[in-house]
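Mind having a look at this structure? Questions to follow.
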Amino acid sequence: MTLLIESLQPLLIPLLRIIIVFAGISLIVAYLVYAERKILAHLQVRLGPMRVGPHGLLQPIADGLKLLLKEDIIPAGADKWLFWIAPAISVLAAFTAFSLVPFAPNFCVTDVNVGLLFLIGISSLGIFGIILGGWASNSHYPLLGALRSTAQLVSYEVALGFSLVSALLLAGTLSMKGIVEAQAQQGIWFAFVQPVAFFILFVAAIAETNRNPFDLPEAESELVAGFHTEYSGFRFSLYFLAEYAAMVLVSSVAVTLFLGGWLRPFPSWQWLDFLDYAPVAVFLAGAAWCFWEAVRLPGTREWRWQRLLLLGLGAGALAVAAGLMFPARFLPAFGEGQAAFPVLAAIQGVFWFLLKVFLFLFGFIWFRGTFPRYRFDQLMNLGWRFMIPVAIVNVIFCALALGLSRQLGWSLPAALWLGTGATLLVAMLLRREEV
Amino acid sequence: MDQPNVTTTVLGADEIILNMGPQHPSTHGVLRVKLKLDGEKVIGSECIIGYLHRGVEKIGENRTYPQFAPYVDRTDYVAAVSNGLGYCEAVEKLLGAEAPPRARWVRTILTELQRIASHLLWLGTHALDIGAITPVFYTFREREEILKIFEKYCGARLTTHAFRIGGLQYETYDGFEEEVKAFCRDFEKKVVEYEELLTENRIWVQRTRNVGVLTPQDAIDMGATGPVLRGSGIRWDIRKAFPYAAYDQFQFDIPIGERGDTYDRYLVRMEEMRQSRRIILQAIESIPEGPILARVGKVIKPPPGEVYHSIEAPKGELGYYIVSDGTTQPYRLRIRPPSFINLEAFDKMVRGHLVADVVAIIGTLDIVLGEVDR
Amino acid sequence: MMDEQKKEEPKPAATPAGEAKPAAAAAAPKPPAKPAGPAPEPLDNELVRRLRARFGTAVGEATLDRKQAIVVIGRERLLDACRYLKEEEKFDFLTDLTAVDWLTRSPRFAVILNLYSFPRNERLRLKAPVDASCPSVTPVWGTADWLERECFDMFGIVFEGHPGLKRILLPDEWKGHPLRKDYDILKQDTDWVRENLGIESGQ
Amino acid sequence: MSFAQAVFYALAGVAVVSALLVITRRNPVHSAIWLIITLLSVALLYLQLQAEFIAAVQIILYIGGIMVLFLFVIMLVNLDVALRQEQFNRQWGVAGLAALLLAAELAGVIYLGRGTAALPQAPPGALQPNTELIGSALYQAYMLPFEIASLLLLVAMVGAVVMARRKAA
């Protein structure tokens, strides 16, 4: 018995991490949907969900329950086995890939030395969920959606891959953690020296996650709902989950590769060290807002519960802020003595990482509220005749710059900016040809 | 694993038939389109309509002239005021009567407001079809203001029945002028707002340029009217060609397109909204005082004969052909529906385009199925 | 009345002398007291004369009703007349095509073609008395396609030479033509309703 | 049998069985799925051999790329016809015999040479750094073969484009 426990010991910590990541991502995804609805609503001069909980905060839970309880319909002519398994593939691929994302220096499920490759490999399995789901439905719209999806994902994966290569060249490693560490070491986020690659990654990421303006596989006004037209209830919610998880995933990859992962902005500038206290400030601000709102509520009885809730939330936020500032000397367990506030130091990486991911996700939602949809041939043209050539040119110039700085001792950022300029020139030429 | 009994859709390298509608998000009602596809390319199409057919023309033969007026509101139900204007003027012509100036001025104002409302609805849904989900909320915001004016004027927002044979149903309410002026003042900025979202948006231009091109010859041959005809570059507007209501009193331009594509029709309608605003502002400044109803008698009984009267409805030429046999009911009442005839050009516009363009083309035709099917 | 005349006058500069309207306006009698109202009167202008010269007896009565020109054309020369009007007289736009059921007359129906000319800014209404069939004008104006289908659907008039004459608004299997005068307003194809909608009555 | 061996045999078994299913399924989409499973288990075998890079590339290229295109093409063709066709033609007896002969020959060779061909033990840990080693092997030691192979692929690609074009014209 003890032997069994001992042999399971090495599995325990990863298991715990997996559970934390899984639960965290599920929560983020659920509230991402809420955030999307809210942000879109405010872009569109309306309020969005307001009914379930204060400001509709419990809406995701209500939605989830509704989807779970809905009737699950399998179309008569469908290939039942595939119809059943396809959404599961999508979700599995999206969630498994998170095991390779380094959320903080001390927190990721696993760090493999070919981590990035594995991540891309696993996330590319998600396509099968779409293809097989579209095919198994045995209906025209899903099939067309699946075909569009396939072509789109395969095409943009190439551009995505090339944009990653330039970051890899700079980092000199395929390990996700190593890439962030390389950025810390070089004292600059790769987005600043490889803006073209970052831009291409951003656009390709939108295309890979089927988001507007590249949401053709599920273009509502053309293909009803694309590949998941025939899906309902729980299976539909799986697709939904997979799609949003994929959004978080590509944002995480982009943040890791180009925005310095868990690093705070300008980690090498000492005078910006006060930024380390940003998490505390956020919670304090939250507490202040709660208290202010509670005071502002009308004094009548019907607002009593609202007020209590707000006060409770404010107190909770205050408590969290206090907890973050827990001094080291009362916590011998952390004992290294490096950080004055070990809890804060521990939360630091995750805080910045998620903040950047949310910024990225906000971009996704903003795009959705702003742009019309591309047509299929235009999407392909953009991918093959603009993005991929530019990405390749960018890789070449990036490698050249690296060579110049290594062989001739040029300053690396200067060489890279030169390369970027050259890439932009090429891009302009390509653009002109198209018009 | 059991041997699956899959009946796969025939998707050879040749053709498939794709059925769009009658329940489809972007067929604007119950239009059903059968598309013959080669891959995603359309090589033929057939519109199947009539799902909303209510026999309006038959009803017209069985109602007295005033009784029928509310029915016309329900043909193009997003431009009820225009329908009412056309019908009332047609019957007035049949009677040989004419509405007094004040009535004509108010009719013009309300009809132009209705044109703006109808175009706003079109803009929102058209953008939505092409994937821009935000403009629809902005346009509905402004449309709401117009509907509020209608509601204050006649108590209804959609099927207004605002006019009466011989003039107006109601006198304008207190503050009507101010509210219309306030709307016009704000609306100028709002149009700019829509244009900022779309006009120079690369994707919008790519999605609409050279899509659904209708040459001037084809437009005339297919009987297209309204913005569809003007988008093809023909400067023709019934408000200028055969002025009715009080349009001969006001200055306005008729925008036209150059290439006859979806983008041109978009620009034409955007400019039409501005011109409508211009007309409203001129009209509101010069509303004459006086009676609002001509003396047409309690019982409308036109002498035998027939008349065709048409107006420039938001969607095109809306005509009423009425044959009277001297009784209180029309002997024959024909509505020339602009949507129906504009939709006829659909097949010509859609060939050679992709499925995604079909949606854009349905949107640019600005059809209302209530009017197509009547 | 004065205002009415002004309106009827062709506005755009593109218009050459509109024959029908000014002649009519000159001929129009002063409107009498209210109850009488407008009445049709005979029309005789250049266009009608040219038509008569070309198509002889096929051109029937020409009238001016509420200042709108109406010309009756025999069904056998209808297509030729349309072609002539489009090509020579520049009536390039078929605004509308419909029919009227004169139950007691013979021929029973009148097919109405509402023409418009962009260069002249002028309308002209053709009437072709027909019984059960009428030549199709689809070769002349593309618009006629759906309009003739609707006419067939509603009146049962068969348009000879139409590329695909079938019902357009009603279901293909529907029996009866609703706009005929002997089709009561409450009448419906109850068999169709029962079979396809599963209810006893659609009303 | 150690844990590693058990994993190996399980993966190998899955690979072989699903490979058999690939050729026996009537529905090409199902065949493709079994092929994916075969490829996946092979990738896992690579992983067991500490060849992480090869495993990742196997997944990205074969499963994420080639199989997706396979499925794409399968969906475009008429499956009804494929379902109605005979899956095995009359030569299957001869083919089976040939396969049996080949298997016997392989078994014989392995049996006869069982002492001589000792396979080297897999290194205890991963070759570090895995990716760099492959990189330097491909670009230094095997530069020429690598370039020739890529040239071959280029030729194949150009050929495919030319063929597709001619058909369209």
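We call the chains A, B, C and D, going by the order they appear; numbering starts again at 1 in every chain.
Note that in this section a contact is a pair of C-beta atoms (placed from the backbone, for glycine too) under 8 Å apart; a residue touches a chain by one contact, two chains touch by 3 or more.
Fair warning: this is a prediction, and the values are worked out from it, not measured in the lab.
A.B. asks: Looking at chain pairs A-D and B-C, which one is connected by more C-beta pairs in contact?
C.D. replies: Pair with more contacting C-beta pairs, A-D versus B-C: B-C.
A.B. asks: Taking each chain's centre as the mean of its Cα atoms, which chain lies farthest from subunit D?
C.D. replies: Result for max centroid distance from subunit D is chain C.
A.B. asks: Between subunit A and subunit C, what distance separates the C-alpha centroids? Give it in angstrom.
C.D. replies: About 65 Å separates the centre of subunit A from that of subunit C.
A.B. asks: Measure off the straight-line distance from the CA centroid of subunit C to the CA centroid of subunit D, and report it in whole Å.
C.D. replies: Those two chain centres are 74 Å apart.
A.B. asks: Can you give the whole-Å distance between the Cα centres of subunit A and subunit D?
C.D. replies: Between these chains, centre-to-centre, one finds 33 Å.
A.B. asks: From the mean C-alpha coordinate of subunit B to that of subunit C, what's the distance rounded to whole Å?
C.D. replies: Taking the average C-alpha coordinate of subunit B and of subunit C, the gap between them is 23 Å.
A.B. asks: Out of subunit B, which residues touch more than one other chain, so two or more?
C.D. replies: If we look for residues of subunit B contacting two or more partner chains, we find 1, 4, 6-8, 11.
A.B. asks: Residues of subunit C touching 2+ other chains?
C.D. replies: none
A.B. asks: Two or more other chains touching the same residue: where does that happen in subunit D?
C.D. replies: Where subunit D meets two or more other chains at a single residue, that happens at 27, 30, 75-76.
A.B. asks: Where on subunit D does subunit A make contact in their complex?
C.D. replies: Spelled out, the residues of subunit D in touch with subunit A are 27, 29-30, 33, 36, 52-53, 56-57, 59-60, 63-65, 67-69, 71-72, 75-76, 126, 128-131.
A.B. asks: In the complex of these two chains, what residues of subunit A are touching subunit B?
C.D. replies: Checking each residue of subunit A against subunit B gives 40, 43-46, 77, 79, 81, 138-140, 143-144, 212-213, 215-216, 219-224, 368-378.
A.B. asks: Residue numbers of subunit B touching subunit C in their complex, please.
C.D. replies: Per the touch definition, subunit B meets subunit C at residues 49-50, 53, 55, 57-59, 61-62, 93-96, 98, 218, 220-223, 234, 236, 240-244, 248, 295, 302-308, 310, 317, 319, 321, 323, 331-332, 334, 336, 340-341, 343-344, 373-374.
A.B. asks: Sort out for me which residues of subunit A touch subunit D in the complex.
C.D. replies: Its residues touching subunit D are 79, 82, 112-114, 117-118, 120-122, 124-125, 127-128, 131-132, 135, 143, 146-147, 150-151, 153-154, 157, 174.
A.B. asks: Give every residue of subunit B touching subunit A within the complex, in rising order.
C.D. replies: Checking each residue of subunit B against subunit A gives 1, 4, 6-9, 11, 16, 18-19, 24-26, 40, 127-134, 137-138, 141, 197-198, 201, 203-204, 206-207, 354-359.
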